[in-house]
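Just below sit the structures, each encoded as structure tokens.
Next, two complexes with chain A in common: one pairs it with chain B, the other with chain C.
This part shows the complex of A and B:
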């Protein structure tokens, strides 16, 4: 409980400083931006999966909802970008509220229902009949807000808040209670924990960060189609990165994103013929030998990994 | 136990059905503060179902449960915990990946007790001090049972339901835990014990209720119960009853 300041100083602060300074020395800003977006999404998955056990295969639904929340505010109400990002987060939270009945399901049933829900939102947004509001399948082209530099720093701020939230979960009775619910909901209720309330809070928190990330993504790219911002790759990547590093930790998802997304960018573009093979082997190896993620290499040796 | 005390729990005509099966079929009993009441009966007689209804895991299909003067049937478990009911499980259910200490911390933080015992005291009293910082998954079955018990005690219950806490303990551990349970009752805690070990029941209970097919067939001391033909019949079969 008393490690929060240490985690903020030695994990969160260096991460924020590095990503705040990197654009000055590294030219591929889009790559840096994507790193930050995946750090947010992987930690968002960590909040809902790592701390409560719900595997969100349709996590991208919140991201896309955030992107469209942003776009609609900018297109129709000419809202300033930062405010539109907050609305994007709010739209994702509303979608999360609408989907709370899914939390009655567990395991694969939840994962599949969540995937179906995200596809439903995609097809709702892409419906040509809604062209007047969402531009339907023809995609969004935003004018007047394009500012990748500001969008990048907004992403760094949201990343800081998200990692800060995970530091809180890792160091508070609230986070402990969430993990208790994940481990055994009946026992958690006998410890006095209101399990429904806890699950809903974690679900909405993870929806919020994905929605904010989606809004910032829309701000950064300004031109996108429904298929871009509702692409299943966002969910899969965020889940795989979080699991690869190790969920229910602060550092696991960060390590997962840095290594796997790093490899993806090193070999994914230059030698795509090997990329799928190496990626597949890495993930298989992880599932077979390190189901608790890379950080479990350290925990198995008795080292404490935050 | 002083006879003038008013019951902290009153169960009347409790019914719980699973499909067409009546797990509880009009069960009535009460327990007073400081009393240790034994619930005994053959497998499937409704003992654990009764505990599950009283602790809020199942909503009753009929009848009434009144705890501390207020109806408690069908109230969510965590609210009953805050009102002062807690329990252990037949198969212990700790939070396996959390440490022993963290298991107890959850109950201390969320159990709503204002005068909860300290972690150090619970660890010491229930022989968990040595394993306090180990994941609950590393504990043996007896230790997991004690962890279940400390998780319950951390919420400072006034009614404690123990579901086969003694099963699997060795004789020395049985004596020790019997002493602990009696000490808890001496503080005024009402305790309901579901158990198959009759020696253990005899050692700790003031009174037993014998259940069969979801109904009470006997109420009194265990010594009297074992001479009762109807009780002998449900435990041993008809030919032993006479």
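This part shows the complex of A and C:
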């Protein structure tokens, strides 16, 4: 309960400082930006999967909705980019509200319905019949707001907020209540926890960070197609990174992103299918031998992992 | 209109075949086989192999694909599932595990076969029938032309796939309701714990169901090049979502439910494609969400699963 300041100082602050200073030292800014985006998404998955047990298999739906929220604001209303990013987050929250009935489903049903929802949003946005609004499958080009430096620092800010949210969940009665609901909804409800409110708040918070990340991504790349920003890889990568590190912890998803996305960039680009093979085997091995993530190596020895 | 309806039923029967294996695996083991579509894709590649290497009717790939994948399924079951069932949350972790498997299958297929689209000339399917006809009754040899139903012509592969699907669904029904192993399978489906307590060898029953599920998926895959035009190694993911829509539309653990779900899906698909073609892509997903929210137990189901 009283560890929040410690977590903020020893986990969040170093992370933000490192990613704020790295662009001055390291030349590949796109790579750094992708790291920050995946840190946000992995922590977003952590909020909903780690703390409530709902597996968001279509998490990219929020990301893409945020990107298109940004694009539509910039294309049609010519709003400044930071405001459009906020609108992107708002669009994702609206989509989350629209999808709250899905929370009635449990287990695999939720995961599959969420996947279907994200694909439905993709096909909706990419529909040639809506070309006047979303430019359909032909993609959008937002050269007017193109400013990678600002977008990068905006991403670092959102990452700080997201990690801060996870620190809060880890150290607050609210987070404890969420975990109680995850473990046994009926008992938690008997103990006076408002299950529905708890779940909806976590769900919308997780949608919000993905939407903000999507808006910033649109700001950074400025030219994209529906298939780019709704690519299932975002959901899968975020889920696997979070799981690999260990969910319901602050450090787990961070470690997962740094290690796995690092490996991805070392071997991924030259031979994609070999990478896919290694990646698939890694996922299978992870589930079979280390289902609670890397942090379980430490917790098994009795060490406390924040 | 008649064309859309008949084509819908033909496609629907085929879609039932696509979904039924997934239904069996989920119903018996509570495992989400996200690699289902990739097994379909491998089945299609067996058909391509049979045509490419032996140069005979792809129908011969049906028994081959079935036997190969029943064996592969039983083997995979023993490698993966008992370990998975021992973990904290098998249903969730199975999604991720089988996603990993689907990545491995897709990657290996891409390494060996490349990413180009493959298709088979549709007149090759069913040549065995015309050859027999020529042997028995004489007459002119040649590819099967369109088949007439209600005065409309339909490609012969559609009809052959639909008939094969009917036969396969009938066989699954016979297996589940008229064999000893099938009765045990249904016992495991309804209450896994009680089945275990009664002394049923749950692992053996599940392994059989897993093998049969994969075998049927591969059989469905043999027809995929004809029904969808062509296949690529990446075809699996879409096929998985479609299969889920069909299975949920019917109901879990009931092969007749999946048959109904498939036909309903096929009819919707054809009608939307005829009248609102630009929105046809949305259909499987929207249908899946609506059904999950309104009737999570499916059209014929009784059990409701909500949080």
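Just so we're on the same page, the second predicted complex is superposed on the first by the 300 of 306 C-alpha atoms of A that agree within 3 Å, B and C clash if a C-alpha of one lies under 4 Å from a C-alpha of the other, contacts with A are read in each partner's own complex, and residues count from 1 in each chain.
The rule is short, and it goes like this: contacts are C-beta pairs under 8 Å (C-beta built on N, C-alpha and C of every residue); 3 or more make two chains touch, one makes a residue touch a chain.
These figures come from a predicted structure and were not determined experimentally.
In the superposed model, A:111 makes contact with chain C only, not with chain B. One of chain B and chain C touches more residues of chain A, and that partner is C. By the touch criterion defined above, A:163 lies against neither chain B nor chain C after alignment on the C-alpha atoms of chain A.
Contact with neither chain B nor chain C is seen for A:85 once the two complexes are overlaid on the shared chain. Contact with neither chain B nor chain C is seen for A:295 once the two complexes are overlaid on the shared chain. Of the two partner chains placed around the shared chain by superposition, neither chain B nor chain C is touched by A:95.
Once the two complexes are overlaid on the shared chain, A:71 sits clear of chain B and of chain C alike.
In the superposition on chain A, A:243 makes contact with chain C only, while chain B stays out of contact range.
Put simply, chain A uses no single residue to touch chain B in one complex and chain C in the other. Interface of chain B with chain A (complex): residues 55-57, 76-78, 81-82, 86-87, 89, 93-98, 102-103, 105-107, 109-112, 148, 151-152, 154-155.
Chain contact summary for the complex, chain A toward chain C: residues 53, 55, 57, 101-113, 115-117, 119-120, 123-124, 127-129, 185, 232, 236, 239-240, 243, 273-274, 276-277, 279-284, 286-288, 291-292. Every residue of chain A that touches chain B in the complex is listed here, in rising order: 173, 176-177, 179-180, 183-184, 186-195, 248.
By the touch rule above, chain C contacts chain A in their complex via residues 26, 30, 32, 80, 83-84, 87-89, 91-97, 99-108, 110-111, 237, 241, 244-245, 248, 278-279, 281-282, 284-286, 288-289, 292-293, 296, 305-307.
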